[in-house]
Structure formats: C-alpha cells, structure tokens
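Note that the chains are named A, B, C, D and E in the order they appear, and that numbering of residues resets to 1 at the start of each chain.
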C-alpha cells in the first residue's frame, strides 16, 4: 500500500464501513459465436444511405466490434458483432460530398433506440388503446396473408391500400409493382412538407415534374423566395456545400443571396439581404422583378419561353406588376424592387428559387410558376449557375395522395410503411377517424407512433443500417446516379425488412402473385443493377414532355379565418432538428438547440418582439394560439425576425404516442391548420391559416433555451 | 482582598459549566436535528450527484460558494478583532475576546467544509492536499483553490491555538473546582497548568507573538478568498479592489455576528455584569466604521465599473442594479448601509437592541453581497449567448440551514464546556491590578467599565474589607 | 440542576426517532423536489443497480474496491484454459490474440478459433468435446477479461504501437508460459506505464493515455 | 515531592513572601510563585520574563519561508505541467503560499516554544495547591533543603503555610 | 514533430445548421440529459452555434457563430485548476484529464467562452443506445468537467498511424468531427506550426479575428468575419 492508498484509506474508512457491498448478480446471458470477422478496436467504414429525407445522401457508417444483446433464433443472448458507431458523409457521394446534416448524423439513433420494436405485435385491446401482444413472424405473416387472401377471395383486391413515403427509387417501384400484380391501386404517399406544388409547377413551366438542382456554386446572384434550402428543404447538405463554395471558396468573389419571406428563417439569416414580404405575395415580387427586367430591356420577355407563357400577361410585359403595384401588394418598396431587379439582371448567372411557405399558400402554384418564369427569363435553366434537373432513370411511378384514403371508398386492408399521417395532418382532416374505419391495418414501422398505434398488426422493419437501401436522388447534384448499399450491420432484433416481408407474403398468398417477384429486395436491386443505370452526364429533358397548361392569372392568397377575428398569419415551419416531427423520437435532435431560437425539448410560439411588448407578453409566457379549427398553448419566444402580423411555430413536437423521447413534449401546430389546398393541386396549404393569440399566463418553464440573450451587445450603457 | 474580588467573577463564569437548563437541551436538540438534516441532504447529494444542487451552466458556483465566502467572512469576527485589541491593549476587549475567537474557529470550520461540499467528486477532496498524489504530480500551486487550502489551514491552525492557549489557565481553574469526569476532562485540557510566573510570562509572550502573526494571516485569508474570484476574467470579478473589499466585508459581518453572539450569551448565561452596554457601544462604533468603509468600497467598485463602461461589465452591473438581481441588490444596500447607519450613528439608538438589529441587517446584507458577487457575474459573462440563471434547490437550502444550526450547536456546546469569558484575563484586567500609569489610560478607555462592573470593588474598599 | 437533564435523558428514544424522522423527510423532500437524472427518460435507479448503461459502479462494494484498485489477481473463467500447455506446444500469442498487431485490442479468441486446431487435435478430451458441441450450437465462451482499466481511470491503451515498438507481451502480461489460466501478473498502475515511457523516451503527456 | 509554600490572598503580601524567601537565602530560580492570573505589575510577576521567543519565532519564519519556497519549486519541477502560459515556478503565485507557510511556521514555532519553556503539558507531581484557583497566590520552594528555615519566611500575616512531605 | 493544433471558422460560410453539434455528440459520447435537466441548464454541447439578432423587423439580421473550446495558449481555465486536470499539452491543446478532475468547476467559471460542461449526474444511455458509444472516447462520470478536445482521439489515431507508416501527417486528412460534418466547410482544422497548412493560411487572413481577443487568452481558433457583398462594379 503506497501513500496514495493510505490516504485513500483514511478518507474512506468511515463511509466505507457503512456501505456494504450488496451483490448485483448480472443475469447471465448466453453468448453467441460472432458472425463477423472484425479486428476489435479497429474501425471499418461501410457505405449506406441516409433514409430521413428525400435527399438521399450517401453516408458511411463507422463500424466497430462491440458486445450487443441480440435475438438469434428467437433467443436473447450476447454477441460480439460489428456495430455502427457513427454516420458520416460519404466523400464519394455526389450529394453529400462527405458532409452530413444534423438529422442525418442522428439517424443512427433509430437503430439503437431503446423503444424500437423488437418483434411483431398483434393488437389485443381496443383499437388505439395501445395494447399489443408479441407474436412470432410466422403467426404475423399468416395473419396478413389471411386478410389478403380474403380480399382476393372476395375479388376486391382494389380494397388494398399501401401508405408510404414519397421517396423516389426502386423500392417504391417494387412496392408499386407488388400492388399492381395483386390488383390494388397505386401506392398512397404522404409527407407533410411535400413538394408536389413545385413539381407540378416545374411540369407546367419546364415539362419536368421534378425538384430542381441549384448550381449555387457558380451562381453570382441568388434570390430565394421562402426556400429554406440551407435548412430542411430538398437536399440541404448538397445545397449547403454549394453555398459554402458560393460564399468563400471560389475565385471571382462572393455571390449575393437575397431572401424574401415573412419570417427570418435559418436560410434568411444567412442572406445578404432579407426582404420582408407579406405572406402569399412572393409571386408578385418575382413578377415585379421580371417586369423591371423586361421593361428595361435587360432581357427579352420571350427568353422565358414556355415558363413565361404559363403566366397571364407575360407577353405584354407584366403591366400589372410595376414596382409601385408590387409595393402595394407585397410591402416591398418600389425602389427596392427596381434595384433588386437590376442587380439580378446585372449579375449573371443569377437564379431564383422558391419553396416552403410561399408554396403552401392558396396561390402557391402561381408563385412557383412566377419564379420559374423569372428563372427562365434570366436564362438560368440548364445553365451553369442556374437550375437544372437531374436525369432520372425512369419516370416516377404513379402515386395517389392521402385523400385517396379519406374520401374515396375506404380500403379494407391498409398497409402503412413508416408514415405518420395522424400526427402530420390537420385535425380537421380527421385522418385518425378515417383509419379507425378501415377493418384491418398492418404497420411496418420500427416504432409505435400515433398512426401505427391504430394498427392491428405491427411488423417491425429492420433499421436502414440493417437492410439493403437504395436511393435515386431527385435533386442535389448535377449528375446524381442511383445508389444502393448493403446492410452495415447485422440486425439486433427479431425484425424483418418490410419489402422482404411483402415479397414473402406474395409467395404465400393462396394464389401467389404472378409472374413471381424477386425473393428479396437485395436480389431485386442486384438484378436491376445492370438494367436501368443512367449514363452519367445525361442532360435533362427540359421543355419536352408534359401537357401545356393555360396561362395562370394572379389571384390574391386566400387565408382561412376572418382577418378581424384572427388577425395573425400562422406560419408553421419545418423544424431544423425534428423536420416534420418524424424525427422527434431521436434524443440528439430533441436536445439540438434550434438554430434561430436555441430551444430544445419543447414547442414555442414565435412572436414579433415589439408586438409582444405591446401585448404585454414576455419571453416564456404561455400564450394560446387559436385558429378556427383548434387551439394550442405553448411558451412565447420573442423573435426580432418575425413580421408583427404573424406568429410562427416549429412543427415536430406534440406527439401523443411516439417513444419516450417525444411523447408528451410540446404541441403540434399542424393540428390547428385549416385543411385548405393549394389551388390547382391537392397539396395542403399549410401556411394559409389565420389565428388569434391570447396571453394565458406567466412562464411555465416549458421554454427550454440553451442560449441566453438574443442580442450580442448589452444595450444599456451608463445611465441610459 | 484579592480573592474576594476575583472569586465572584470565577464563580459567575464557571457556573454555566455546571448548571444546565432545559433550554440548553432544547437548543442543542433543535440545532442537532437541523444539522442532521443537512448531513442527510449532503449524503443525498453525494449519492446522486452534485446536480441535486441548483448549479448549472453557466452558473457553476451557487449557494455553496456564497456560504463559503460568508462563513469565512464571519470568521474574521474573532481572531482578527481580538488580535487587534490585544495589540493595542484595549482594556474592554477582555470579556469579548474568547467568544469572538470561538466564532472564528467555528465559522472557519463551517466555511472550510463548503469547498468540499461543492466538489463534484467530494470523495477525492484529499487531492487538494499538498502531496504528490499520483506519480509525482502535486496539486497545482498556481490555483487560488490551492492558496485557499494553505490560507484557511494556516488561519484555522492559528485561530484554534489562539483560542486554545488562553483557555488553558481557565481549564486549570475548572479542573480544580470540579470532580469526577469533569476533573479528568479538564485536567487533560489544562495540560498540567499550574500558573507559575514563568508560565504566565511565556503565555503572554506567546499571545503577543501570535497576535502579531495572526493579523496578516487573517487579512490574507479573505484576500485569498477574494482571489478565488478576482483571478478569473469574469466581468466584475477581475478587480484589484476585491482584496480589501472582501476583508472589509468580512470584518463587517464578523463584528455583526459577534454582537449577536454576545447579546445571546449575555441573556442566556446571565452575563449582564460582564458584557456591558459599553461593549456593545464600542462594537457598534466599530460596526459603524466598517459600514461606512463597506459603503465606500461598494461605491468605488460600482463607480469604476460604470465609468469604465465596458460592455460585459455593464451587463453584470445593470443586472444587479436594475435587472433581475435588483431586488437583492437594494435589499443588500438597505440592510448593509441604511439600517446600520441610521441606528448606529445615533447614540440613543446605539443600544444593545439597536446594535443587535443592525447586526442582523448586516448579516443578511453581507450574505446577499456574497450572492451578488458570485451569481450575477457568472450568469452574465462575456458572451451573451451563454447568459443563464440560477435558483437554489432544497439540498442547498437544507445544507445552508444546517450550517447556521451547526454554528448555534457548536456555540451552545462551547459555552457549555468552556468559560465563555476568559476568567484570568478578566481578573488581570481589574483596575486595581493595573499599573497606576496604565490605569489612567485604561479608565479613559473604559470609564463605564469601572463604574458599573467593578463598583463592588469600591464598595468593598469602603467597607474596609480586605 | 440534574433533574431536567435526567428527564430529557429518559426521553432519548423519542429524540432519536424525531431526528431520524426529520432526516428521512429531508431526504424525501430532496428526492422529490430536485429530480435526479433526466425526467421522462429511462427510470434511474437511485441506489446503484440501474439496468441502464452508466460508467458508475453497480454496487457500493464495487465502487470501494475500485477506489482502492483492489481486485483479485485471478478472474473466473468458463473453463480452465492453460496458456502453459498451448505455448509449450509451440503456439505464439498472436496465433489466437489476432488483433494485437492491428489495433488497440488483442482480442479474446472465440470458439471458432479454438476449433481451427481442435477439430483435429485432442478431439477426445472432455473440454474439447464440449467446445465442439458449443460451436455446433453457435454458442461462444464467455471469457472474462483479466486485464482492464477502471472506467474512472479514463485510460486508453493501444496494443499495436507497443507491439511495433517491440515491447514483449510478457512485459505487461507476465510470462504466460508459466501460467495456466491467465492471471494478472503485472500491476499495471500509472507508474508502470510512465516508467517504461520515460525509459523509452516516448511521450509522457497526459493526453497520451488519458482522453 | 517535597515542598513548602504559603498561600496569600493579597499580591502585596505575596511579594513580601518572595522578598522574605530571598532574604532567607533562597535562590531566585528556586522560588516558585503560582497564581490563577498574571500579576504583571508586581515584581514577582516579572521574574523570568525575559525570553527568546520572538527570535525563535522569527527564525522559524525564515526557515518556513525558505523551506516552502524549495518545497513549492521542487513540487512544480517534479512533473512540469504548463498552465495558462505561466512559468513552471511562478514566483507571484508561489509568494502567497510561501507567505502562509511562513506565518504557519511562526505560529507553530511560538506554540512549541511556549509549551517547551512553560513545561507543558506536564503530568503533575509538581508543587501545586487547588486553592490557587480560588484566588490565592502560592509562594513556595520545591524540594527545599531545610523546611525550618523557610517556613518562617513564608509565615507572614495574611498567609498560610503548608508543607508537603511525601 | 511538434504540432500546434488550430482551427479557423469562416463565419461567412456558417449557416447555423448545427451539423457540427450532432457530429460532436456522436463522436465524443456526449450524453443527452433530457428535457428536465435541459431546462435546468445541464445540456451539454461542446460546440454550439451562437445566434445573435441585430436590428428589428423588417431590417433584421441574425448572425451565427460556432463557439467551441478555443484551446487558448494562455487559457484562463488551466491555472485555476487545483489538480492539473486542465493544463496545456505538448501539442498546444487544453488538456482536460478526466481522472484528475475533482469537480471544483473553477475552470468553467474562469473560461470566458463558457465552453466547459459539467457532468451533474452520471450519464446514461438506455439500452441499447449505449451500443452507439465511441469506444475510442472516455465516458465521463458524475462530477467531472468536460469540453471540446479537438477530437484528440482522432489526433492520436492519426499520429499513431503516421508513425506506423513512418510519414508525416497530411494537412486536411485529420479532421475533428465538427469540421468533417460541416456541410459548408466553414470549419478548417490543422497544424498552425506548418505555415503552409490551410488553417495557418486562414489564420493570417485579413478577415481573421479571435473571439474576445482583448482578454489576452490567445485562442487558437480564428474567426473569419463575414464579408459583405458589394457590387463588383463598384470597384
């Protein structure tokens, strides 16, 4: 015993005597022979694809040997296996370019989530009661096959519906093919922040129903109409990487970014110039810029071609959109419109982009068309520094939207593939009620959420790290190609890949689907590998296909709610961390401070700081937001960057049943939205609701901010 | 003649050691209970983690450090005051020194616990001791916390000895008057003291040297406690004024604690004959002096910050001046300055009660001052993004209550086992005992001491008793 | 003077109860008023037997044992593997501890490793028969580590650079040829590491091992 | 222990007893005066007042100063770790600890000197009378050669003489 | 072989996306503390993106600034630690040696950047979240201070690898998790002792400033200030 031990001994004698060692015999689990051949402590990297959004970033997983408790042959035990430790961008991937956003980094927690479903479950209690019992895969598949056989027997194959995410790729192709062979209608896709309006507009303007790729890297002047392209829209990693190069990594100086929005979003915060604009009038501003350009002969109106033709009055020089008229409608000063237009024209390549709130207005389609026309006018289509469309291997499969489940003859059997429309739809759409009426629902998600809680059967999927994955990035790089990757690690639980389960089911049906589908997704992917690969560098088929549409006339945005009774625009937005709420179960993202507020683990209501002062609302006070369709209560965040006539709320919180990390935290602003549609499409106009606010009480400590002051300099000096 | 004078003094002062009232048990019981709760709270905190307290990012120091500084400040009551008075040979100090020094020792013991209580891993507190804990790595002597270790230990050692040495003759006295276990106990404590002239002379020499030595130590202790703050580049901490500011504040709160302790002892132990209004008057004047000095320091500190107008400092400045800490700040100003100043400047209100009221104000005010030094600065550091707040949790409040109860407990036990007034010093200070030349000087200092307490001496002399 | 004290003295058990009660109430109050670990997350066991992963010790006894670095030299193993016999037959360390030259950890062989040789050699021994059975069932041996560091030590050790620097296995693990079941032969405290690093003139920076 | 002593109530009488003893030829060093309080203003109270204590304390302080400097320097050099860009042996901050160690040395040296020179702690067996605690001043001689010669010197009005022979 | 690790953060490129924050959590086993503890100020983010508003609507600006341990040469945190848990390492890193830390939290108070975080409780990862933990990084227990290490485990691994291959480290090949994740490459890491390294060149940039430079801590992170856009014609 050396000195140190002696002193330790004297230090602890008193307490040590009191604390007796109470044994903790760890229950001995059996140990399986390892299935991988890994050098312990040495990392290997395996490619995979981030599944969280449609960007389809190629990532690499750092795999190291570790001791995991797993199920093998229905038996729990310990195994030394390769475990994914971290996700990083794949430097070889055209989209991620070796980078990865916060959400993508956190995707790994899906695999290791403590509340992930480990085996199939069957409902025992009332529907929605959340009472399930564990069953075996054989029983589960038998049950599903039974219901499908019953449909076939009744010759009502059309009553089968599949609800999935709108992720373009071969997986969706295979699912659609499966449905087609069964005799069911096309898959139903659902995503709250879908880009259907923009796709529709691109189809009209350019003949491509696809999201554009922005060549920010070479652009000299970028005007963004509400597009949160550095935050959560489209392909944020690729766009951010390009933005980084646009800013400081290229010869010839730094481009200018102008952002028009009613709220200082994360992207707007990075703009050189923020243009505050009335909600729903972004299209007017775009046409105002076009008017100045045309009127001053900076570019010929004809340059816009088909995109211009889609706008009423384009050919005559947009006489209704003079800077003065624009000022009146948008609130943007006429001189500023004039200046912006001249700058836009004077700094080619210049590009405009639109997404997000402007497209979630009743006139969203018009706004998108207006911006497309502006791009076309500037000659930014398919040019360096402009917008382009990544060649796709094949046309996107036909899909239906959620209304197919709500309005038409309700399906008798519904298969839900990791989608949560119950949470992400306005309460007024009554999605939960519609689902309750469906006789049999099978859910394939890895978690119990608001939607799968209504299922009769839950067949948990592998996590993406455990299964074959593929993606066909729709946007993000000039030359994106389909990518696929094998499993990074062996499964932890008694789960199965959804698509393999369906393929298995297709063979087990009373009359197996014919002609036979591949046995597994892996087989399908590898069979396809040689077939439909696109040659790199194929140019986009812009201006080719698609029906010509009649020119659209500007209509003022329609808002739900009487302005006198509901004086505020309600601007929900995709949370930087939780996206549309589908990531609220990941603790890293819950604890990620929101970029513009630094809030964590909570919902908050943003309100202009001066308006709040007038209303006697202080930071953290509980306020109630009421629309004609419901109310939510949350803590106030006084935001200097929000229009005084608007309140904003992040989407993502307010889950009632979505794992330990999301349940019971915050409120869901989507619930109080009006079920309005963007005219000309079936997309939800999620930014078109008006609300009123009331202060309910003082701070209830639900506003959890990581950061303190919102301003860098203390304002008070001396006696002021 | 001598004995008739001194024996009643000894009888009076030894009596509390032999007689125990129910109140004593009640107080000890109540205080011990609160201390036990504090112990339980600390145990809870150690077991669960320091997060049981309210400290957080960025306010990493909270009530524990506030109490640390507060109690170390209180500890300046005794040794420092007693040493000063001893050196200037102020006659009126004699009944005051021991109860003052006892405050020092107990407050130091309590204060020195807090750095350990507040540690994240208190079971490793011994790593602060100067020894090569791991492979020749000693503690970092550049750390103010290491200085604290040396300063507090030096001061504690010095104060314990300074308290204990003059107790030896009194223990001998109690030993000779007691029987049974008390005789054994006090016999041991008396170290075999007889009272030879050699012993008296050595004791007095030693006390003189100790008084000289302990004065700079006392000043250094609170200076070093202030260094805990001023060494960090935290707004409104990084100040050269902190050393004297803390020392002044410490003496200020120390005197207040002493006045309260004396008033309590006076009532509970029936020491009205020894702790006279004169003592309270004198201490009250001293308190007034420190009150003005403290106000001066606060003004000087605040003025320079305001005038300098450095943004990060101004943030702290306004946070306490009119922001969220303003209620505490203005309470502090009222308690520390307005109340004592009003009461103590007027000789009519500078009574025992008046002094006690002022002292309570000062204790509250000085506690708030420590709080206002620590928390607003940490909550409002240079980068506004990292601004935060702090609220104490039950664990902290319980432990804080336990320290006050601990002080009461220790003091009650001390006054139970030790004559709370140094008997021999009091005897040696009798006017008749003094050198005639010195008598004049002393009587000037303690006119009322002569007239009130020792009128009996004159009476007896008149009656011609020996 | 003695009477009040005697009265109080008789009431002592009540005192004790009262103090105990108050202590309990305080602890309970602290428990409820200052929540421990993340609320709404995994249930945290306050008394050290939490089922969730934490670097804390499972029991108070473990904590105390770790505090004093007092651990038995021998570790229970599923069966008595003899290093002496295998090294005696000409096997070398890296035959089974394959990771040692490539990475931080030497690795503990699995049943498969055993069966590379023992599918032919000594197949009639009872232990080898047992091994073969286990391999058939897909079960592995639950070896226990002989050498490791307390989590509190925050020590990172990488075998490969040490092997490259030609530090013999026996330097740290003792002469295994003399050991049957491996036991801790060398007390690998910090001085052991530091002295060797000093002698070899390699970095003794704290971050060399502690990070 | 054998002793003869007188107990006196009045310090003046005690002074007289001391003088008498001197007159009786007892060496000053052999006269013991015991009291329950110091008598600074009487001659007998000044006997033996001279002491080297301050010098011993000063010397101890000097030793503490030098020793703590070297202790600190050696400790800091033993595993030189850089913090905040400071020197390994920074004098400014070391001065604080050096000061404290110096003062501690002074205090401890003073106390040790006190104990050593005042014969503390002592196990008894010396001339003493508990009545001292009642305020009497004891003047006596320990282990006297001749009781008879000393008793008269102590037996003066206002005093009682006691003899210890055991 | 003496390195001096440094970083450059281009504010003009930083979009505030916080990819670095999650990357840091993933790489360094930083626990999430949950809503209850987060509301009590116990959330840990070794790197954070500070957001500061300027002006008011509609003329409003929002600045982002990633703040992490500045690895100061004259770090205020180091000297105050009584146990040398915080000290300067030979590569110029502010070492935080967890096993030496007794939890005085003095370093966190002294740190002018507030980038030090404290384990108020033992961290926990409900099974099987613990499988994701990086085995190359310590798990810090209750009472221990922690902070950005510049991913010292990566530095260590890269050095070991370079030594094994008998070559020097290549600039840019070694990146901490935040720099690796940053979509806009706003974070550049490297050796300041190599005058030709990217970070050394950026450190000399006229846009470069240090955070709270006037306090004299000599941080090793250079912040490249935002460059305002101006019309190229104007020159």
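We take it that contacts are C-beta pairs under 8 Å (C-beta built on N, C-alpha and C of every residue); 3 or more make two chains touch, one makes a residue touch a chain.
Nothing here was measured: the structure is a model prediction, and the numbers come from that model.
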item	value
Any chain that touches chain D and chain A	B, E
Core chain by centroid distance, with centroids computed from Cα atoms only	E
Pair exhibiting more inter-chain C-beta contacts, D-E or C-E	C-E
Chain centre separation (chain C, chain D; CA means) in Å	59
Distance between the centres, which are taken as Cα means, of chain C and chain B, whole angstrom	49
Euclidean distance of C-alpha centroids - chain B vs chain D, Å	28
Inter-chain centre distance, chain A versus chain C - centres from mean C-alpha coordinates, in Å	44
Interface hub residues of chain D, defined as touching at least two other chains	81, 83-84, 86, 93
Residue list for chain C, restricted to those that touch at least two other chains	36, 40-42, 67, 104, 158, 206
Multi-partner residues of chain E (at least 2 other chains)	32-35, 37, 43, 48, 50-52, 76, 79, 81, 84, 87, 100, 121-122, 126-127, 129-130, 142
Listing of all chain pairs that touch each other, if any do	A-B, A-C, A-E, B-C, B-D, B-E, C-E, D-E
Residues of chain C that touch chain B when the two form their complex	1, 4-5, 7-8, 15, 18-19, 22-27, 29-31, 33-34, 36, 46, 67, 190-191, 194
Parts of chain D lying in touch with chain E, wherever the complex brings them together	81-86, 93
Chain B-touching residues of chain E, taken from the complex the two chains share	37, 40-44, 48, 50-52, 67, 76, 79-84, 87, 100-106, 108-110, 112-114, 117-122, 142-145, 211-212, 215, 217
Touching residues (chain side chain A, partner chain E) in the complex	41, 64, 66, 68-69, 83-89, 98-106, 108-109, 111-114, 230-231, 236-237, 240-241, 243-244, 247-249, 253-256, 264, 266-270, 272, 274-276, 343, 346-347, 492, 576-577, 587-593, 595-598, 600-602, 608-610, 639-644, 660, 665, 701-702, 704, 706-707, 710-712
Partner chain C, residues of chain B touching it in the complex	18-22, 25, 29, 32-33, 36-37, 39-41, 43-45, 47-49, 51-54, 123, 134-135, 393-395, 398
